[in-house]
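Below is one structure. I have some questions about it.
As written, the chain order gives the labels A, B, C, D, E, F, G and H, with residue 1 at the start of each chain.
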């Protein structure tokens, strides 16, 4: 083979965004902003707007969000606690407001709030509104058992917990609704990093919990949307 | 407090089976037989038959299955490769045969066969028939891409893979159908125990994969049945 | 220095049993039999009988127990499920039978039975009878909540659980009684070896759980006895 | 189900503090402040004062403590080394000063001081005064053996150590008093993070040590208070 | 032995650079700058220039690069994204521009860009130009399959991926060209640090992947150059 | 979708061997026999013979090899130490005998012999003869340095070592020839399982070592054959 | 290069024993028998006898020792508990009996006996007699403190302990004599495999402990002999 | 027991420095400054000076050293690279300058310089001068082999290496001198934190290496001084 450097350079347009993923795989590609440069993010944002397609960015540092907002005024919808940015002509709330609520997010403690917010924002972006039940950890079991009937009304529950993650097992044992478990990196000592919560979800004595990666709020939202699509095809 | 030993003994009838879990949580309690004694298994089996309720046992060693079959002739349905036993008046196949197939099991290699079989048996026991696509790992990608349209027809896919578990990401990127990932403890060196496959599923670049514990065939089946129930309630 | 081999040999009488530990530290030395030879066990047993002091051995393989029983007829009290041997003129039950029951053992599943039995035997040997509540895992929460008042009557609870160990948090959140957590090596995949249960106990969202090593039934019993002695000194 | 977003919003009042836990489980809920926002902390503090109930916050960063103090003058009692805040009309010292000292804290080195301080503050908040013996690690064994008789006078010992945590075994072998072990994240290389100290406590050759999570000063205090309550019920 | 301090001091000239390694082992010694002081780096740079030999430094912090550039104007070629410095009279590009391109770098995402840049710079320094294909991860498989024929034209591929690293298996299964896998420390939760990507490469179901350490761009380049030299000797 | 079980069963012919991989990816599919049943192995063997294509099986337990040999007399070539079986009309040696030796296997100790044998058998099956230098670990460095010139004559070296794997760095620093590192699971304590040897190869101070999984003899052979093909295309 | 297979075969005499290591590095090469075949062991044994040089084998399985003894009657000295074989015309005891005892082995429990025996046999083989103090763990501290003066008489102490390894710190804090720590793989739960004991030795609060690998009795003996040689050169 | 808070306070003078350790255990207590407050360090420094005894502090952050120097002018000897402070009337160099050099420090790379400096400063403080050989890693083996005879002249070698730590095995195989291995936390990917270097030292194929904790420069110096004392007692 004998390609020379100059020719090859033309081949390498670095960002190859998968713009058709939404159609092909039901959930569009999103941007994990944490380790991308502001130049890369701006490039993707502009491509998205040019295609009249929105784009969701997760784990966006505050400074990057500020630059994006400055460069694309009115088209950058930033949620500080969730660390998300939606690049679109309209805010994500406008999309889902009138639809019935099929998903509830159930979180063990107030420290889980950032992950809860990421799930909510991602669900909104995907057109799915959600309800929120925070601070219902198993230490005060009454908070959970008194909600059992209400929670059973939803099509799907997303449980969010750090530390020992006992919420996952207790919730899945209480209600017939399917549960998606999102372990959270809240904790210290052996609980640092969220690995105990993750492993608790995976080795739960209640079978049938769908587990996603630690702090992976968007993943939980994407899974929820895919699962809620099941009945559309049956 | 002053209970005396004799009184207390009466309190302690060791097996407290959760016979109403099927009604409450959609999937009945099953028995993880591996670390139970044959006496405990027989006890549960007899309680089940007395209630005219079947019971599924998983990870049943061959010798325990033989004793059960001997003690309860005609009522113990043992699947050697799956290492499952269904205690019931009728074999599990009789339950689900006439229903449409909504779930497909997609496995990377023939070494994953025992876990595939556990999923199939558990699905049958739960009344859900399944199709099976084995030996379609990513090393020969054509095996998977040529099936993409066919696999898109199912409501739900259960992907089964050991080693590096690349199947999970590739499959979830190819089809819009939701994917449950079952990592398998096939591998050696860094791949021993199935942890790489598990972590690949959790950290996949394709969001929206529902992960269960390593080798947890029953868990995947239970999750599938819960998820297929979503549309019934919407 | 110039000691010669012959002299030194006299110094090295290998077993230096700590016969006064019971008096000094409230709980006598026990023998972890697993990695000791039958000769070493017999030697200790004979020293104990010569001193008219009993001795407890834990993790005794069946064959070793048989040899001990053969060599010391009537003085070896073996419990197969607990894998314990008490070497004494009288069986351990004879010691504690008339005392009120202050400790309850609460176990998540029937697979935890061997550890439960070790705790019971150790408590009996230490003169403390106990009550037992097995198979009350959180998957069927009603089994636990309906016992809450009864369990609150005891001075101390010993909770025993493998897999994700959610029992520890739920129990400690339900009752005011102090809880000792004994993680059990029942589980597979990420749950193998009991590490998830251990870490759940340690990182519980309910503070104030006293944790001991995985499968450490004797340790839990020893801790219980030490703790029950607190009020005697106050 | 068809709840709409607006209605649901009313349900989700984020902080559901477990105000009755003190009555139910003997130790009230405390606030792990580290990953909470200042808004969440202020909200809880104000609820507490409104109920004329104090509240303890642990792992409070200095800046958050300053904001709390500014907003609630005279009602925020901050201990810098312990990183604790007690929100109450009176300082925690006022509660316990006249009671006999039943608990001693025994720490291996001066580097353990922050954890020692957290234990002391938590005990004061729970109404239990304590004595302190710092810098008595096993490297200079005489420091510990000469205290053996004095330490035996207490009802309960809380041992605090990082690095290899040999203090736990040595102390528990020296005195009959029950020992709570608090591993500390002081160390480097293999000792980093406190895991060696934790595992030393769990696998100690002296049975009967009650272990809590690394750096979990409040957990040790809560456990102590629960255990000291045992004799009150017998 | 009786050397005295003064004599010994003369022996200890700290930097013993291996200037002949290029001739002996085909790839010259490079400098891992991360944990070296600016004094050490300047010393090596000056030695290199004095020998009219260039030197490559990797993982150079921006401030150190600035000091070097200031001290050795015109001779320090810094690449910010790659974090490399080449100390030489001419920029590295001048060396390799006219040679045919035998190596292609294939990267899963734009977050891998810094490692891609380090590989490119190192290859240039070693006289080997390369082509670049970025953002072709398996989530959008079409991006990779449509490149299969083009990629097969190269002598060697260097695959760069973080998260679950499925790219390594898929690429190696698609083309006959040998693949060097460079895992990248992009990811979070179980994917943090790049260990999942590394282990995926090592336990791939496609045998024959050459793996290097996480983020080791230079190592991949050095391996490529050594391997491309094989045919020169046959 | 409404496929019924009967139809689906026809779809599921479990073994989908990738018979064209040799042509597509240069190295044919091989069979990891360890976790396959004897029925699965026989099925593959018969398919291979029917296509007049040989097949290599690795990690074949002795009993399975015996059954294969019995069922397919004269066509099963078993190497006990390597634990390999070649199913073919002719033994693997017949293929490669007349070709020049381009690869040398260099092993640290005699305990590495099984992995060395697997590499040799795999290379023979792939048509590549090899030389072997065993027991040349760095403890007796003279064994290695006196071979340096001879080893430099080969196109490629495969280094095999367990324990601390210092051989990889020393060898790669001594000769210009590229080195493939195969860590071996020989060792105990921290060295158990081969992880130290693996990590030593990956973090070597000598850049440019191609690493494969622990005990992965076939992987090293496959990589060698792919790499030796580079010059054919240049 | 074009060596042909036949020539190369002559090069590969597999066992290259380092017979001059004793002279060069003070301690001769020994044979880790565990993963070697009986043929390899016999070959080495016969080479040793032919050179009138003895050889020590460690971790020898009983069956291998029996075959060796049968093949080389009177020249194989097997120690069952230590799992060592010395191949020599005379038993190892004959070498060292008349020399003063400079090394004492101090072991925490009787379960450590096999490692103690390996150290003793290895020391004898290397010409160094030793004294033994077993069962002096820190749970009964008096056993250790009453020996402090006696132990201070030796030139060197080898401490042997499993579980939490507190013995290492306590011993090194009590006596001025240098301590070699040998962690032992006795323990369960977090203590399994000896890693806690190892890490305790490494992160001891008493600096100056020389640590060797888990269960590495021979390594401790070799280190002791090297260290005792220091004074000979000063 | 009924001690009251006030009395107890008198007991708790926090710093209990072990001033007699030098006499008892040959090496005096040193201060690990990293996690101590400046108040604690000043307190110890003043106690030391009051006793006319010096004290060594390790891992002293620059700001703490500056405060100490300001408070105790002329008596604080700070070495920036080593991060050590010696509090004494005279600098540590003054103590050892006239003694013969018995210890050599051999380091793999210039990145190891801070640990080398800590060893040197600690040895000086303990009255033992040393020679230094830096940048002699195995990648350029000639650097090490040409020093073999010179290094054999010392009584003791301290080897310092990060990354894969091959230096430990190579050095110990080359010279008869005893080797203390100090693993260094230099490296990235699998080599991060120094664990690979540590485990390489522990599982070396050359028996008889004395290992200390990662980055534990003082520990190596303390061990060296203890070992050099052996011949004084024989």
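Going forward, a contact is a pair of C-beta atoms (placed from the backbone, for glycine too) under 8 Å apart; a residue touches a chain by one contact, two chains touch by 3 or more.
Since the model is a prediction, treat every value here as computed from it, not as a measurement.
So which one's got more C-beta contacts, A-E or D-G?
If we tally the C-beta pairs in contact for A-E and D-G, the bigger total goes to D-G.
Taking A-D as the reference interface, identify its repeat among E-H, F-H or D-G, namely the pair sharing over half of the contact pairs by residue number.
Same contacts by residue number as A-D, out of E-H, F-H or D-G: E-H.
Report the inter-chain centroid distance for subunit A and subunit B in whole angstrom, where each centroid is the mean of the CA atoms.
Each chain reduced to its C-alpha mean, subunit A and subunit B end up 27 Å apart.
Which whole number of Å gives the spacing of the CA centres of subunit D and subunit F?
The answer is 56 Å.
For subunit C versus subunit F, what separation do you get between their C-alpha means, in angstrom?
Roughly 49 Å, centre to centre.
In subunit F, which residues are in touch with two or more of the other chains?
1, 21, 102, 139-140, 155, 172-174, 188-191, 195, 198, 202-203, 206, 213, 216, 233
Which part of subunit D faces subunit G closely enough to touch in the complex?
108-109, 137-141, 145, 163-166, 168-170, 172-174, 187, 189-191, 195-196, 198-206
Looking at the complex, which residues from subunit A come into contact with subunit D?
Its residues touching subunit D are 96-98, 100-102, 110-111, 113, 129, 131-136, 139-140, 143, 150, 153-155, 186, 188-192.
Would you mind writing out the residues of subunit F in touch with subunit B in their complex?
It is residues 1-5, 8, 11-12, 14-18, 21, 29, 32, 34-37, 40, 59, 183, 185, 193-195, 198, 213-216 of subunit F that touch subunit B.
Can you check the complex and tell me which residues of subunit E touch subunit F?
Residue positions touching the partner: 21, 24-27, 30, 102, 155-156, 172-178, 180, 198, 202-203, 206-213, 216, 218-219, 222-223, 225-234.
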